[in-house]
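Before anything else, here's the structure in question.
When the chains are written out, they are named A, B, C, D and E in that same order, and each has its own residue count from 1.
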Amino acid sequence: MENIPDIWAIFTYAVVIGILLACMLGLSAITGTRRSGSDMGRSMSLPFESGIVPTGSARLRLPVQYYMVAMFFVIFDVETAILMTWATVVRETGWVGYAAAFAFIVFLAVSLAYLWRAGALDWGPRVPMRPVAEMRKDQVS
Amino acid sequence: MNPLPVLVLLPITGGGLAWLAAHIRPHSARPSARDASWWTVLATLIGETLALAMVTFHHTGHAGPWLEHFSTPWIPAMGIAVRLDIDGLSLSMIWLSLVLCFLCAFLVPRQDMPGAGTFHFLFLATLTGIIGTFLATDLFLFFFFWELMLVPMFVLIAAWGHEDRQRAAMKFFIFTQGGGLIMLLAILGLVMTHFRATGVLTFDYFALSRTPLSPALSMLLMLGFFIAFAVKLPVVPVHVWLPDAHTQAPTAASVLLAGILLKTGGYGMIRFDVMLFPDAASRFLPVAMTLGVVGILYGAWMSCMQDDVKRLIAYSSISHMGFVLPGIFGGSAMGMQGAIVQMLAHGLGTGALFLIAGAIQDRLHTRDMRHIGGLWGAMPRLSGTGLFFAVASLGMPGLGNFAGEFLVLLATWHVSPVTATLAASGLILAAIYALRMVNRIFLAAPRTDLRPVRDFPARQMAIFACVMAFMVVLGLYPQPFMTFSAPSPLSVTAMPRPEGRAP
Amino acid sequence: MTYPALVAIILTPLFILGLATVLTWVERRLLGLWQDRHGPNRVGPGGMFQAVADGTKILFKQDWVPPFADRGVFVLAPAIGMMTVLLSFAVIPVTLRAGIAGDMNVGLLFILGMMGLGVYAVVLAGWSSNSKFALLGGMRAAAQMISYEVFMGLSLLGVIMMAGSFSLRDIVAAQDRLWFIIPQCLGFGVFMLAGIAETHRLPFDLPEGENELGAGFHTEYSGMKFGMFFIAEYAGIVLISSLVTTLYLGGWRGPLLPPVLWFALKTAGMVAFFILLRASLPRPRYDQLMALGWKVLLPLSLFNVMATGTILMLRASL
Amino acid sequence: MDAFSFNDTLLLATIMFSVGLAGVLVRRNMVFMLMSLDIMLNATALVFVGAGARWHDATGQVMFLMILALAAVETAVGLAIILCLHARGRPTLDADTGNLLRGRQHG
Amino acid sequence: MIGHDLFLPTPLPVICAGLMIMLAATAWRRSVGRGFSCAGVTLLLSLAAVGRHTGRLPDDGGSLFIQDQWTAYTAILIVFSSLCILLMSWRDAMHDRDALVDEYPLLLMLGTLGALTMVFSVNYMPFFLGLEIFGISLMGLMAFGRHPVLAGHEAAMKYLILSGVSSAILLFGIGLAYGVTGSLRFMPPVAAGDVPPALSVAATVMILVGMFFKLSAVPFHMWLPDVMEGAPVPVAAFLAVTSKIAIFSSLVRYFGTEQQAVFVDDILYVVIILTIMGGNLLALRQVSLTRLMACSSIAHVGYLLIAFLCPGHMQSRAITIYLAAYTASTLGVFAVMTAFATADGPDGTVIMQWKGLFFTRPFLASAMSLMLLSLAGIPPGIGFFAKFEIAAAGVEHQRDILLCVLVIGSIIGLYYYLNIIRVMISVPSLPPSSVTRHVRPELTALVIVLTIIVVIGGLFPARTLHPFLPVPAVASGTRDGTVH
C-alpha cells in the first residue's frame, strides 16, 4: 500500500479546505450586515419567482425523464466502473479479455438501442410530424 | 395367462369403457344407448366373475393354500415389484365384493342420473382399488391400492351424495388418508429394519415377515398398521367419519363402503397385523378386546338413538365390526373364523340393508324414520326383504351374523369371560335397534299418505333372494366357508413359482 | 509529512481561490475583447482590481438565509460544491514532483468521484431553497451532471487504456512520444463537452438559465454563499483545463521552458478556450442537451473504447 | 502493513449493516428503505474489500464491483417501481399504505 | 491466464445470445409474437445444449461453473418449466393489446438465465450473480400484472425490499466466508488462520438465512403469498417453481449431501418443522388460489428439506423425484388456472370461481384434481411416489419428529387440496350454457402433456425417472475430483 502517505496528504488537505471554507462562511456571517424585525421586508421572506407572489408548494412533481435519467445513470455509471477494471489491463488480459469486453459493450449498445427505440431517452412528448396541408386545414377551420 | 393382473385391471378398463360408452351417444333417444354405460359395467362384472371363478375352481386340486401368484418388477431400485397373491381369504373377500357389486349394479336406480358414465367409471375404479388391496403382497403396492380406492370413493360421495355430502366426503378422506400415512411410516419402518438386518431393500410381504424385530419395535410397527386399519374398520375412537360418510353417500357408494371398504380394514388386520407381528398382536389382545367391546356397545347404543335410517345402519356397522376385533386378535383359529364369517355376513347383510334404505329414499325422498311408516302395506316385497336383513342383523340364529358372532363370543369366552359377556350384551341392544327399525318403518301406521309407490320388481327380488340364500347357508352351514377362507399361514409360501421369488 | 508539503497543502487552496477570483475578471475582459466591447476597466489599471472589489462587496453583504429554506442544508450546499472542486486538485500533477498527491494510483477515479459528489451541491442547494426556480434548476443540474459524468468516465477509458493506469502522473509519462489528443481526439471531444456540462458553463448552463429560471439552483443565494458557488464554478474551469492538460496535452512536458510554466501555459490556453466558447456559442434547448449526451456522446464514447481496445490489441499482437 | 486489519473492517461493516437493517425495518418511506438497502449492500461490499485485502486477492474487489452493480440495478428497479406506483395514483411513499395484498380471509 | 479456465456450460451462452437477439429485435421493431417464438426457440436450443460445455474444467479448482448430472437434471427442469410458463403466458400476451408485453419473454428468459447460472455455479460469484439476475427479472415480470395493476407493482416492491434484505444477509455471510477461508468456492466455510471459528459459524448461518429467505422457509416466508398473489398467474408459477428448483439445487450443492455440522442440522430441524406446519396452516385459511399455492409451496419446501436433512442412499432419489413431482404438479395447477381464465371473466385466482367446474369443463377439472392429488401425495399422481421416497429417507434416518410433522402436514394439506376438488364438484351456480369457453390449443396441449407426465411418472417411476437420477454434489465425489 504505497499510497498511504498520499491518503494522509489528501486528508490534511481536506481538513485545511474545511477550515478555509468555515472561515469564509464565518467571516461573512460576522462582517455581513444584518436586518431584523421590521427591517426584513415581506418580500425577503418569499421565494423569488420573477416578482410574482408564489403560490402553491415548491415541491413540484417533476417530469418522469428526470427519474429515468437517474436510473440510467446508475446503470451506465456502474457499467463504466466495470469497464474501467478492464481498461488498465487491456494488454495483459489479451484477446480473451478483449472478447469479454467486446461482448459487454455489445450488450450495452444493444440495451442502449433498445432504450432509444423505446423512447426512454426522449424529453417531452414526441411531436408528431404533420403534413403542411393538414395544418393549413386547421387554420382554415 | 395369469388371472391376477386381469382381476385387477379388468374393472378399471371396464370403467374406462363405460365412461366412453356414456359419452358416445349421450343424448340418444333409445334407452339401450342411454344405458350403454350400465351394460358395460355389467359386462365387466361378469367378466370379472368368470376370471374369479377360474381362479377358484381351477386350482382346487392343489395342496398349497396360496392359489395363484403373479410377480413383475416395478421399481427395482427400491425393491418394489407388482406382487399379487391370492389365498382363500382374499378370494372370499373378492367374491363378496363382486356379489355386492352385482347387487349395486342391478338395484341402484340408473335412470335420470347425471354423469352416469363418470359414476360408473368411479364405481369400477373403486372396485379396482379394493381388489388390488385384497391381492397385493407387496407392501408398497398394497399401500398404493389402499390410497387409490379413496379418490374415486371421495368423488362418488362428494358428487352424488345427499345433503351434507361434501363435508362427509372430506371427513372420510382425511381420516382414512391420515391413517394411511401412519401405515406408510410403519411400512417404511419395517422395510428399513429389514434392510438394516439383511442389506436387502424389498417390500415383499413374505420376505419382510422374516424380519427380526425387537418387541418394542414390532409393537410400534404393528400399531402403525393397526391405526390405519382401525380407521377403516372402524374402531371406536376413530370411527367419526363413518356415520356421516355412510349416511351421505349415494346408495351404491354406501353399499361399497359398508360392504367392502370396511372389510379391507379387517382383511388388513388379519393379513398384516396378526400375520406379520404375531407376538405383538397377542400382546395387544387386551386392548383390542376392550376396543372391540366398546365398539360393540357404543355402536349399538348410538344405533338405538337414531332417527335416520342410513345413520342407524351405519352405527350398527360399527357395532358389528366390533366383533371382528377380538376375533382377529384372540389368537385362536375359532375366533379368526368367526371374524371372517362375521365380515362376510355383515358385508352381505348391511349392503342389502343400505340398498333397501336407498330404495326407500328414492321412493319417499326421506330417510327420517319419523316420517316413514307402514310400508308393509304399500310395498310388501321390499318390506319383507327389509325384515329379513334386519333380523339377520340382530343375530338371529340360522343366519350368517349369528354364526360369526357366536364363534367370536365363544373364542373370547376362553380368553376373557367378562369381555364375552359384555359383548354379548351388545346383542340385546342389537335386537332393540333392529326391531325398532322394523317396527317403525314397516309395521307402524303410515305417517304420511303414501303415494302409489313401486315395489321391488321380480328381477331385483331374485337377486335379493340369492343374497338371502347366501346368508342362510352362511348361518346354517358355515363350515365350507370357514375352511375355504382361512388365511394362509406365511410359512407356507405359494405353490410352484415359475418366476422364482426373491426370498 | 514534510514541512514543505504542509506549506503546499495550506497554500494550494488559497492559490486556487485567488486564481478563480482573478479569473472572474479575466473572463469579463476577454469577453469584452471578443465581443468588441469594454470589460470592467474602472477599478485599478485595466480594471484589474475589479475582482478584489467584488470580493470585498460580497464579504460585507447580508448573510441571508431565507426563512422558508432548510437552513442547515442551505448553508452546507455551497461548501460542498467548493470542497469537491478544491479536493480534486489534490491529485493533479503540476510537475513530476509538484502536486499534493499526484502519485495516487487511483487519481483519475478520485477526480471522477469528486465530480460525482459535486452533484450534491447543486441538488441540495436547489432542494433546500424551497423555491420553484431553485428546485427546477437543481433538478436540471443534477440530470445534466450525472448524465455527462457517464460520458466523461467512458471517454476517459481510452486514455486509461493507453496509459494502463489511473495515476495521472503515469498518464503524463505515457505521453512522452505523442500527446493523447491525437490518438484520442474522439475521447478528447467527448471529454471537453462533458467537462463543460459538468461545470455547467455556457453554452451548457441550462441549470442556471437566467432567462428561464432566474438564476437556477442559486436563485435564493446571496452574499458569500452565492460567492462560493460562483468561485467554485471558476475553480471548476481551472480544474477541467488542468485535467485536459494532464490527460490530453502531455501535462508539464514541453521543450525549453520549465515544466511548471508549460503546465500553466497549457491550462491557461484551455481556460481561454472555455471563455471563447462562452463568447461564441448559443445555448441549446435542454432536451437537445440531453439528447446530445445520450444519443451521440454515449455511442461515440463506447465506440472510442472499442476502437482504442482493438488498436491496442492489434499493436500488441503484431 | 495493512492500514486496517480485517477485524476492524468487519466491525465497521457490521455497524453499517446493522444501521442499514434497522433502516429497512424502521423507516416506512420506500425511498428511505431503498437507501437503507444500499447501505446494507455497501457494508457487505466493504467486507469483501477487507477480506480481499486480508488475503491479497483481487476476487474480493471483483465481488465489490458485482455488488456495486447489484446495488445499482436494485436501486434503479426500485425507483422505477416507486415511480410506477406514484404515476398510477398512489400519492404516498409510505410502505404501510400498500395493503392490496393482505390476502382476503374467511369470516 | 483467463483463457485456460474459461469453463462455460453451453446453455448459458445460448440463452445470452438469444436474449441479445431478442433485445435487438425489440429495438428494431416491436412484435409480441416474434418475441415469444424467439424465446421458445432459444429455450429449446438451450434444452438441447444441456450437458454440453465449452472449455475444460481446470485442475486447480478455480472454476466458476460445473457440469455434472445434477446440474443437467435441474437445468432440464428449469428450462422445461420456463417453456411451460412461456406457453402459459402466450395467450395473454397475444390477445391483450393494452399491455406492453414485448419485454415479457425477454424478462422470462433473463430469469431463466439467472436460475441456470445459479444451478451451474460452484463459486459464490456466479451464484450470487444468478440469484440477482433472477430476482431482478422477476421484479420486472411481476409488474406485468393484468388486472389490478397496482397489486403487481406492490408485489414487486415488496419482493424488491425483502429480496434485497435477504441478498444483503446472504452476501454478508459470503463475505464472512470469504474472509475466513480466502476463497469464493461454493461450500461451507472451514476456518483457516487466526480467525475465530465463530466467524465461520456466523457465515454459515447468514448464508443459510439468506437461502431460507429465498426459499421462503418459514420464519422468512411472509413475502411469498403476497408476492404471488400480486403477480400475474404465469409469473406466480415461475416464482413457485423455477426459483425453488434453482435455490434448492444450490442448497444441495452448497452443503453437499454429507452429514453437516451439528448446528446446521439443528437449525434445519427447527426450520423444517416450522415450514411444514406454517405453510400448511397458512394455506388452510386462504380463499385465493394463488395464495394457497404459495402456502403449499412453502410446505413443499419443508418436505424437500426433510430429504435434504437425511443423507444416505435414499436421499438422492427422494430429492430428485420430489423436485420433478413438485415441478410437474405445480406447473399443472398453474396451467389449468391459465386455461381456465378468460379475458373478461373469472381469472381463476379465487377458489370460489371454480365452483361446478366438473360439470362445465370436466377435462380441466379432472386435470386439476389430478394435479392437486399429486401435490397431496395420493396415487396415481407422481407426487405420491415422491412423498413416499421422502418418507423412506426420513425413516432410514429415524427422524421421528420430522416424520410426524410430515404426516400431520400432509393431512392438513390434504384438507385444503381436497377442498378445491370439493368446490369443483359442487353444483355450479351458473347453468353450463352461460359459461363461455375459450379453448386454446396450446394450453390444452400443455395441460395434456403435464397430465401425462404426472400420471406416467406416478405409475412407472422406475421407467421414467431413474435414468435422470443425479449424483448430487459431494456424495458422488465429483466435487472432490474437480475442486481441490
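Methods note: a residue touches a chain if its C-beta (ideal position, glycine included) is under 8 Å from a C-beta of that chain, and two chains touch if they have at least 3 such contacts.
As the structure is a computational prediction, the values presented were derived from the model and not from experiment.
Chemist: Going by the contact rule set out at the top, which chains touch both chain A and chain C?
Modeler: Joint contacts: the list comes back empty.
Chemist: So, comparing C-alpha centroids, which chain is the farthest one from chain B?
Modeler: Relative to chain B, the chain whose C-alpha centre sits farthest away is C.
Chemist: Please find which chain has its CA centre nearest to the centre of all protein CA atoms in view.
Modeler: If one averages C-alpha positions chain by chain, the most central is E.
Chemist: In terms of C-beta pairs in contact, which of A-D and B-E ranks higher?
Modeler: The comparison resolves to B-E.
Chemist: Express in whole angstrom the distance between the two chain centres, defined as the mean CA positions of chain C and chain D.
Modeler: 32
Chemist: Report, in whole Å, the distance between the mean C-alpha point of chain B and the mean C-alpha point of chain E.
Modeler: 42
Chemist: How big is the gap, in whole Å, between where the Cα atoms of chain C centre and where those of chain E centre?
Modeler: Each chain's C-alpha centroid was found; their separation is 52 Å.
Chemist: Taking each chain's centre as the mean of its CA atoms, how far is chain D from chain E in angstrom?
Modeler: Chain centroid spacing, chain D to chain E, equals 25 Å.
Chemist: Do you know which chain A residues sit against two or more other chains?
Modeler: Residues 7, 70, 77, 81, 94-95, 116.
Chemist: Name the residues of chain B that each touch 2 or more other chains.
Modeler: Residues: none.
Chemist: Identify every two-chain combination in which the chains touch.
Modeler: A-C, A-D, A-E, B-E, D-E
Chemist: Please give the residue numbers of chain E that touch chain A in the complex, ascending.
Modeler: Against chain A, the touching part of chain E is residues 1-3, 6, 20, 23-24, 26-28.
Chemist: Per the contact definition, I'd like the list of chain E residues that touch chain D in the complex.
Modeler: Within the complex, chain E touches chain D at residues 124-125, 128-129, 132, 136, 139-140, 143, 148-151, 153-158, 160-161, 164-165, 167-168, 171-172, 174-176, 178-179, 182, 184, 195, 225-227, 229-230, 285-288, 291.
Chemist: Quick one: in the complex, what on chain B touches chain E?
Modeler: For this pair, the touching residues of chain B are 73-78, 80, 114-115, 118, 140, 143-144, 147-148, 150-151, 154-155, 158-159, 166, 169-170, 173-174, 177-178, 181-182, 184-185, 188-189, 191-192, 195.
Chemist: Spell out the residues on chain E that touch chain B in their complex, using ranges where they run on.
Modeler: Residue list for chain E touching chain B: 317, 358-359, 362, 369, 373, 378-380, 384, 388-389, 391-392, 394-396, 403, 406-407, 410-411, 414-415, 418-419, 421-422, 425-426, 460-462, 466.
Chemist: Flag every residue of chain A that touches chain D in the complex, lowest number first.
Modeler: The touching residues are 1, 4, 7, 64, 67, 70-71, 74-75, 77-79, 81-82, 85.
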